[in-house]
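We just call them A, B, C and D in the order they show up, numbering each chain from 1.
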């Protein structure tokens, strides 16, 4: 923290802080219930504000040398003394870890249950890690990229290779035919088949099949109300050919949306501070901010080994 | 109760009992957690068994002179002394009231919140009544039938006439533009527009619009995995053009499925016994069992005033 | 609102607002989870700050012509347009209604359950009213004052006259010997027997007897860590001869403490606005602020009919 | 399983099963909600039945060559194929692990929180292990026996040596003066000071001091409604000089009672089956049933290294 405004009481210059990607006011109807991803004040007319996110208000992106923070006392998580040493872990608290954790919360996961996660990108991987931390008895992660599936195995989860499009069958086999107790969608609207054709319902309908009757599904992969470049008219209007009949018949539950970062980051920080978790396992690269464009390109191409990049401002 | 089997301990000949429409064993993984609508024993290979319900096992329907009840101690709700006098209330516990109550539970309704219910058939009406009992501050019910909308008003709820297809706008107006805190789907896959054209997504997509960001939706209207007579190929396969982009963006939650009747019927019976609730307000007709076919016809045609029929076996 | 500070964004001069008796900062670990009765900022060294409350920080009492409000955006509940007309209802949101509501929340009350409340002072009465609003099937209130027991009856609850010290037996009789599902303590450490002898364990031990095995008890009656004027050494040190053996054997649960007013006041206000609740039933007198001392004397003496006084500043 | 009755449907001769120490019917009001430790059928007049437990019905103890099981389908947990190999783990499911797990559930523990457990006997140790499995960030265990404190450290928890009676201060030091988020009582009414004097309030009052304001406490240590051999009259009547004033002022919550074993054993078994938990770490001795008296003597004396004994029938 290099400067504070006159209305800031708690945060001090010199503090190490971590900022949630979403911005809350702290006093609206949603913030006061912990739904800080749906603040009604910071982006009037919409529920939710964020740094550098389309439709989420007039705030520049957080990957920058400096960040101007509204409602500083409310939004800043002041970090403990060991921060400098563990900064690669704490920086995971601004978005990725709370988002993965949120996926497991939305699914309703309880200790001892099984869970299947679609997508072994950084969000899916850390959702799997979150499920391990919470005491899930069986954590399966579906993907096609060998480097990602290898990381799945490294954190003690079960990799499910979907390159033959048999993921559902493999999950059922692992669960005596019943399906997993819980499921997470960590891919989003741009999911695609093995020919590379985008098709927004692929992971959701696979989850309905992969999760047991009465189970729960958490969706943190981004879906959008309008997608002009989508292959079909249905998808262009933000709609999905969702397998609602089977979903209803199985009595499943579904939770969605952006993570309310502040609902999780304080306690996740404690798990880092007390050496019970090390989310930096995810990081594959540390680069200067100036190399951000290159880093994004590698990540978008899913180039081998580009799991998660930390950008340094100086 | 006129006869009991040798393994029955608790229920006695002469008891007045009420039977849930779904059948549980009491000891499987789902029953032991209260998910008796998803019993894994009574209809092997499927989660869930019921009397006279397609795909729900080899059990004849409950609208009969006599009913053979498996696992009698577990399934029978033994009724209190005032049963004969209040039997029209208690008979509502076999299906309709627990189902309407379940809709409000699935939506996550808390006292003081607002709720919008699509459908003022018997399930929607008693879902509205349930919301009133639970202390909702504002209960809106959407329908087009004047006789049903009149009943909505009689129980203290707000009728929303959708005959001009402006229901969403009316709900937003009632809630300062925010949408209701919670919503219930009490129509099912055969919902149709004002031209009478079936279209399975109408109520669900209207609910996504009518419910606030971060709100919850409960779906007890029946949706099916396959509907050969539906107008489009998509719907024939049980799928729905669901407005998933908007649903995700608003961070809503969705709960579905058959009511676990046993999870509710004991405490609902107490509300009847102690004169705190009178679900028989719903009943429009009492007829002998022999007139069931006529009664079903009137009900299917939505003939004026045929809200709910009680059939008497003798 | 007649004046706002420079850090206030939302509240405007001219707004009608209602202030919780406890004061929160909105950003500490407890406030951000909704535990605004246990704020860690406003009264450093203690969890919890309040206006004019011993040990709760340097804040003057709220029964005054003017009130200086810290963290105005967070603490003020801005009221709707009908406030002037319904001000006697809305003023109940600063303390008494949220406190009574909290008692029922702490007890774990669910719709359809039975509940017994010890104490028919204003807190007990409105706890009973809260239980009615939430759909309890049976609400019993224990007291000895005929004027209070009459009010119990007026709100549809069951008065239990304890002037013969047979309250426990009467509650068991009303519940088929099982005890109520839930119980509330709305008396506090100065509870006394029918000889007027103070004895801090009377209501708590009666609750353990009156509530069923596995039931829950909520305690909003005030208990203090030190009570120098108490009759026994045990009680002077804030301790209680609590019937822990029976409590444990029955597997009961116990929740205590000040109401987190902000956790409830927004939704309770909606129930007033939408004419679903009218907490002003409680008010027996409206007096000018100057008559506060007299009013307190009558209330302390439990003079007949002095249920709840509203003081007007001008 | 060597023989089944005629009303048993699911369990087969030859199955490996594990029996909860408490006995449920499966269909009473408590069993149907999962409160199988408070069954209303199996021990009429009391809530709760158990094998070989004073006041818990006419059932012989479970440490025997053969056990007669009422309501076999409901009470037996049928174990998976790997049972013979992992029987030392699965046998922990009959009482000890569910009881320790229950302590953490009653305390309200969530992942990332801190917890302090009083007592490092087998229940306290496995409560600590449960908290680790559930992702607690900090698990402290208070005891005076060096062999037990060593085991605390072996499972990754923090031993707090109370032989100097400074446990409260040490816990506050570990938690920046705030106290732990949660606490567990795993000692019971026979807790005693370092002079060996029994005093039933010692651990409870220490927990009130050791746990933060608004925190939760779970009590699985046994307390009894009557204890004729206790040193004081108060304790003889099952009462406790409980620090209720401080407890209330801190707004703490308290949950008590026997574990509802069936609420946990199925999912705990899955954690064993899938190699995510190994509760047999607790076992110090395996002995033939005939040596039970000796084993109990060593355990009662807290002889060094006698943590937990498994008795073999043959």
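Convention: contacts are C-beta pairs under 8 Å (C-beta built on N, C-alpha and C of every residue); 3 or more make two chains touch, one makes a residue touch a chain.
Nothing here was measured: the structure is a model prediction, and the numbers come from that model.
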item	value
Residue-number overlap at the subunit A/subunit C interface, same or different (half cut)	same
Furthest chain, CA centroid comparison against subunit B	D
Between subunit A and subunit C, centroid-to-centroid distance (C-alpha), Å	41
Interchain centroid distance [CA atoms averaged], subunit A/subunit B, Å	35
Set of subunit B residues in contact with two or more other chains	none
Complex contacts: residues of subunit D adjacent to subunit A	110-114, 133-138, 264, 267-268, 270-271, 273-274, 276
Subunit A contact footprint on subunit B (complex, rising order)	30, 35, 37-38, 47-48, 106, 189, 200, 204, 212-214, 219, 222-227, 234, 237-258
Interfacial residue positions of subunit C with respect to subunit A in the complex	6-7, 9-10, 25-29, 32-34, 41, 73-74, 262, 266
